[in-house]
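Both of the next two complexes hold subunit A, though its partner changes from subunit B to subunit C.
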Partner chain A sequence: MFATSTQRSFWMFKDENDVSNARLSANIKYISSRGRNMTVEEQELHFLNVTEEKILIMSYEYQLRDFCRKFLPPMPRYVIGTALHYLKRFYVNNSVMDYPPKEILVTCVYLACKVEEFNVSMDQFVGNLKGDREKAASIILNNELLLMQQLDYQLTVHNPFRPLEGLMIDMKTRFPTFSDPERLRSGIDEFLEQVFYTDAILIYSPSQISLAAIIHSASTSKENVDEYITKILFSEDQKRLLNLIEAVKKIRVMVRNVQTPHRDVIKALEKKLQLCCNPDNNSESPAFKKRMKQSFDDEESFEDGQYPSANSDQVRSMLMGMSEMGKI
Partner chain B sequence: MDYDFKVRTSVERTKVEDLFEYEGRKIGRGTYGHVYKAKRKETFATSDINKLISADQKEYALKQIEGTGLSMSACREIALLRELKHPNVINLQRVFLSHTDRKVWLLFDYAEHDLWHIIKFHRAAKANKKAVYTPKAMVKSLLYQILDGIHYLHSNWILHRDLKPANILVMGEGIERGRVKIADMGFARLFNSPLKPLADLDPVVVTFWYRAPELLLGARHYTKAIDIWAIGCIFAELLTSEPIFHCRQEDIKTSNPYHHDQLDRIFNVMGFPHDKDWEDIKKMPEHPTLLKDFKRNNYQTCSLMKYMDRYKIKADTKAFHLLSKLLMMDPTKRFTSESAMADPYFQEDPLPTSDVFAGCPIPYPKREFLSDEEQDDKSDSSKQQQQQQQQRQHASQSGNSNHGHGHHPQHPSQQGNMQGGMHPNYSNHPGHPQQQSHPQQNNSFNQRF
Partner chain C sequence: MDGNDQTCPKCKTTKYRNPAMILMVNACGHALCESCVELLFAKGSGACPECKCALRRQNFRIQLFEDPAVDKEVDIRKRILKEFNKRQEDFSTLREYNDYLEEVENIIFNLVFDVDSTNTNKMIDNYKKENKDITMKNRNRQSQEEIELEELLEAEKAQQSEKANSYVNAELEEKKQKHKAREKLIDELMFSDADAKSIVASHVQATAALAKEQPKAAAQAGGPVVKSSKFSSGIQIGLRQNTSSFLPIPKQQDLPLFHYSAPVFDYNGPSPPAIEVLGKLKYFANIRAANATERAGGYTEALSCCRALQEAMGGLFYIPQSGHKTAVAASAEETDDMETA
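Take a look at the complex of A and B:
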């Protein structure tokens, strides 16, 4: 039930400012730790600022979706939705500079598959990746626990797809003057796809988002569902109606403002990221490998063969291969 | 403080072995992993936990999930438990991850008892012709709280799917004394996706004795009614201390939901359903097989009334009436948790109590610690169980058969004779005649326990 869910209690922000502030403090925390010997100017030059981080995160959201779309067997969209929620939640409290986003994003998808009971084996899963699959598997397993911890084990996600189906059925039964609501479907789907690139999913409830999608789709196809909203859904509750109108307005603005980041911009930011990312958490850095090796030498019974000897080129090619599949 | 240092210390602080004492305190094991009775360690350097130490002499159940990493069933368990909060549903306190060996630990409140042990205790007492003194309303209180917990799960669109006595825990001495806790949600799932054929995901989920007839006939969807059937089975078992649909377990074919012997057992107790009692039975995928394999005439003398009468549960009691509503063959006619909780049985004296022991001394022994050697000693007798486990693992893919956090030995040899029944009602008329055990019950009964 959404009303009592951890999503509502712990992963809903007041507004866009609230989300931005969380990201900002993650950004500042990282910079003040890694750049403590730098001047402010040096820091600004060396590190990504929060706006740049946000652009990068968005590009990973696109990559995530492209990866999932091409996934075999075909992945239900609520798995994709849950994975996108995980990615967003992870980088609300962490800097992209701190944890390598390409690794985190595949891990988000992997975890979402399990939580949503989309039953794929690890072999099947990494079969969808290019490059060294064994390494990919070990990267995922290595990040899985970290991801769960960062999500505070709150893994149940409420996506807008289910309330949408409820609303569609409700419209068909209680709002028969509106002929064939299914006509709105393609507009709705398009809207719901876009909404995942915004922070709306961290601010508004799944049912508000699905209602926004219906209203948006209706208005773009010159239809009107106002009567359904005012006379049927919220006929007795003026306050909730006003709330909803306000929410829908804001969600639509957020979706309208979605700007696909430009390829060149991403490239430049990626380059910058390579220089300012945390070597301790970056599987391609010597510091990381050294640390990993140490911890494995201590542990005899380590089964999953992490990446102590990971060939960094292989890892990179695997992850790059993934982004090349994207359309960015 | 240095940020990196902060991170390092916070990681160190969350190591389960630094925070909890559990070595040599194992209380359960199985394919799901190991369960320990854990206590907080005394010494902490950091101030934020300091507050807890002085007060916290509480006991916890610490479950180490088997294997490395997270099976789908472990993920599901964590995802569901994190959302749940109800007095009759086990509460997940904390998760520990050990990054070096990829072990996952779940911390729960410790429950001293469970229905598997409680029923076993009564059965043993009955075999030895000893009376057990328990409050008159105990079975009623247990059932009410089970229903309450399941009602909460069901209204949150969660199915348990594996209800059985071992998964119904009961709190021992302490502030929650005598409170039921439903545990082991590993197989539970949200079912707010009604069109998803749930049977595709886990071919076999519910333990056969507690499986509803529609599942055995190949139903493609799990429903609330399936959990209710299992509760009916548990209710009957509480009243009689015998599993009502006990059945030999050797020839379980996990890939196939259809299970001839289990159905035969159900018909032997309930009688063969008439078409008018269960109209949709014709639509069941295995209905043709049913017609081919079974003859109505063979069960003409069977009825739940007769079966329960053998245990001195009369048909005119409210207990029997409620039981018959929970054990409706037609799932659409079965009670819901809500209607069951509103049943007159619960309004009639003796009324249910929130401490199921009603303040009386608890007659059941505390959980014993298991030694690791014990396991090795039993390796011979456990061969068959291993096979069964493997089958189940194979079937469920995720490999997590689950149990309550008590010790549910998979080894039959140690259990001795359990053929006697306990006194019906758990009431205590010392002179009550011993029940005849029915013919199906023989050594194979031990097999399961």
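Take a look at the complex of A and C:
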């Protein structure tokens, strides 16, 4: 239940400002730790700022969705929802520059598959990736614990999909004057897809989001479900109705304001990211390779140098391949 | 015979003349007959007529030994050993323990024969002060041992009486059976048409068979009773044994009985219909019914319907508020430190 979940207790924000404040502090923390001996101007030039980071994260959210869409076996949408939640949560507290988003992205999907009981083996999973699969597998397994740690091991995610089904059943049963709510499905699904690109899922409860989807879909198809909400759902709580109307309005505004980032902008930002990313966490950087090599040498069970000396171009091509997918 | 020439030193009454006479002894070791004690110590306290030392009437005891001096010695020994109750475990070497025993004997000797009494008493007082703890501890231990011993004796007694009972019962049973057999024989002889000789022969056989069975029956009758307190090897069953070697099993506390109270869910939204009434409210008309395979596993459409409704209603009243972001940030900082370190 959402009301008693960790999602509600630890991963909800007051409003969009609250979310961006969290991102800002993560951004500032990274810049102050990496760019200690730079002037403010240099820092601004060298590092990504919060808005740039946000645009980048969004582009990765699109990439994640496209990756999941093409995933074989076909992935249920609640797995995608959970993976998007993980990605959002991860980069609320961490800078994009600190941890390479491409790696975190696939790890989010992998973890979501496990948590949502969508059973795929690692071989099956990396079969959906291009490039060096063995290396991809080791990247995912390396990052999995980091991801869980950053999520504070609070892995249960409440998606708006089940509440939506509940509301549909309830409408069919208690609001028979509205004929065939299934007509609204396509509009609802579109809305729920868009809502995952916003911060609404970090601010409003899943049931509120699904209700907003129904209302939005109804209003675009010139239908009216207000009666269901005022007379049936909130018949005893007229006071709270105002709060809900406010929430629905804000969710719809947020969804309306979703802008798909432009491809050229993304490209420029990617280039900038490559320069300012944290070499300690970047699997393509020499510092990271050195570190990994050391840890692998310690563990003799691994084939010497397999991971650290792997062709970095392969990974790049793999991950670039994924970003290409996003642009198509 | 020997006891008959006991004499009360005060009134010169002898056991021979008054067989009811009882001699009493006090701390000083001089005897007095009971009537003299009552006479002299009517006030409760007074002086010994022989040695003039102050005595209390309460402390008079019946003389057990012929020589009152022995009684005195026994009394003193008892008193001293109450204080000087160290054991061999309390000493590091056997030598020390033996020295200690010798010292105790010396003290007792001194007290009995009134040698150097002031110094001896001082020694006793010193010892008392110094060894208070050990004395108390050993006293407790002793009393515990005594209790165990008593219990053991009691158990033995109970066992014996049980055994005796079982024998008596077995005997009664035997008598009854014999009586029955005889009556049966007489009946048969009276009313049966068969040959009297053969009847007598079969009766003899039957009694022989019975006699064979009886010891078995008696053993059976006695067996279970004995078993209840002892194994065949003589090891005791039950708590008595446990108290001497193991800690007693802790008793379970009498907790109040569990009362079920239905969980109260905070939906933070309109309350969804209960799972029991979903059918009545015609919710199932709009969902896919569970098929036979699903039902076999205990699944019904009510479960998923109820869950969907709960999640749909839950959180509708939610008002956005800040989560524990600071806590998350703090923990993130820690992990960062760990990684750079």
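Descriptive notes on the structure:
In this section, the second predicted complex is superposed on the first by the 320 of 328 C-alpha atoms of A that agree within 3 Å, B and C clash if a C-alpha of one lies under 4 Å from a C-alpha of the other, contacts with A are read in each partner's own complex, and residues count from 1 in each chain.
Keep in mind that, in the parts below, contacts are C-beta pairs under 8 Å (C-beta built on N, C-alpha and C of every residue); 3 or more make two chains touch, one makes a residue touch a chain.
Keep in mind the model is a prediction, meaning the values are calculated, not measured.
When the two structures are aligned on the shared chain, A:156 is found in touch with subunit B, with no touch to subunit C.
Legend: residue contacts after superposition of the two complexes on their common chain; A:145 is shown touching subunit B, with no touch to subunit C.
Once the two complexes are overlaid on the shared chain, A:72 sits clear of subunit B and of subunit C alike. Contacts of A:243 after superposition: subunit C is touched, whereas subunit B is not reached.
In the superposed three-chain model, the partner touching more residues of subunit A is C, compared with the other of subunit B and subunit C.
In the superposed pair of complexes, A:172 makes contact with subunit C only, with no contact to subunit B.
With both structures placed on the common chain, the touch criterion links A:4 to subunit B and to subunit C.
Contact with subunit B, but none with subunit C, is seen for A:111 once the two complexes are overlaid on the shared chain. Once the two complexes are laid over each other on the shared chain, residue contacts for A:14 go to subunit C alone; subunit B is not touched.
Common to the subunit B and subunit C contact sets on subunit A are residues 1, 4, 29, 33, 149, 162, 280.
On the side of subunit B, the complex with subunit A involves touching residues 2-4, 68-72, 75-76, 78-80, 82-83, 85, 95, 97, 99-102, 104, 155-157, 189-190, 192-193, 201, 397. Taken together, the subunit A residues at the contact with subunit C in this complex read 1-4, 8-15, 18, 22, 25-26, 29, 33, 93-94, 149-150, 152, 158, 162-170, 172-174, 203-208, 210-211, 233-234, 236-237, 240, 243-244, 247, 280-281.
Against subunit B, the residues of subunit A that register as touching in their complex are 1, 4-6, 29, 32-33, 111, 114-115, 117, 119, 141, 144-146, 148-149, 153-156, 162, 280, 295, 298-299, 301-304. Per the touch definition, subunit C reaches subunit A in the complex via residues 265-270, 272, 281-283, 285-287, 305, 307-325, 327-329, 331-333, 335-336, 339-340.
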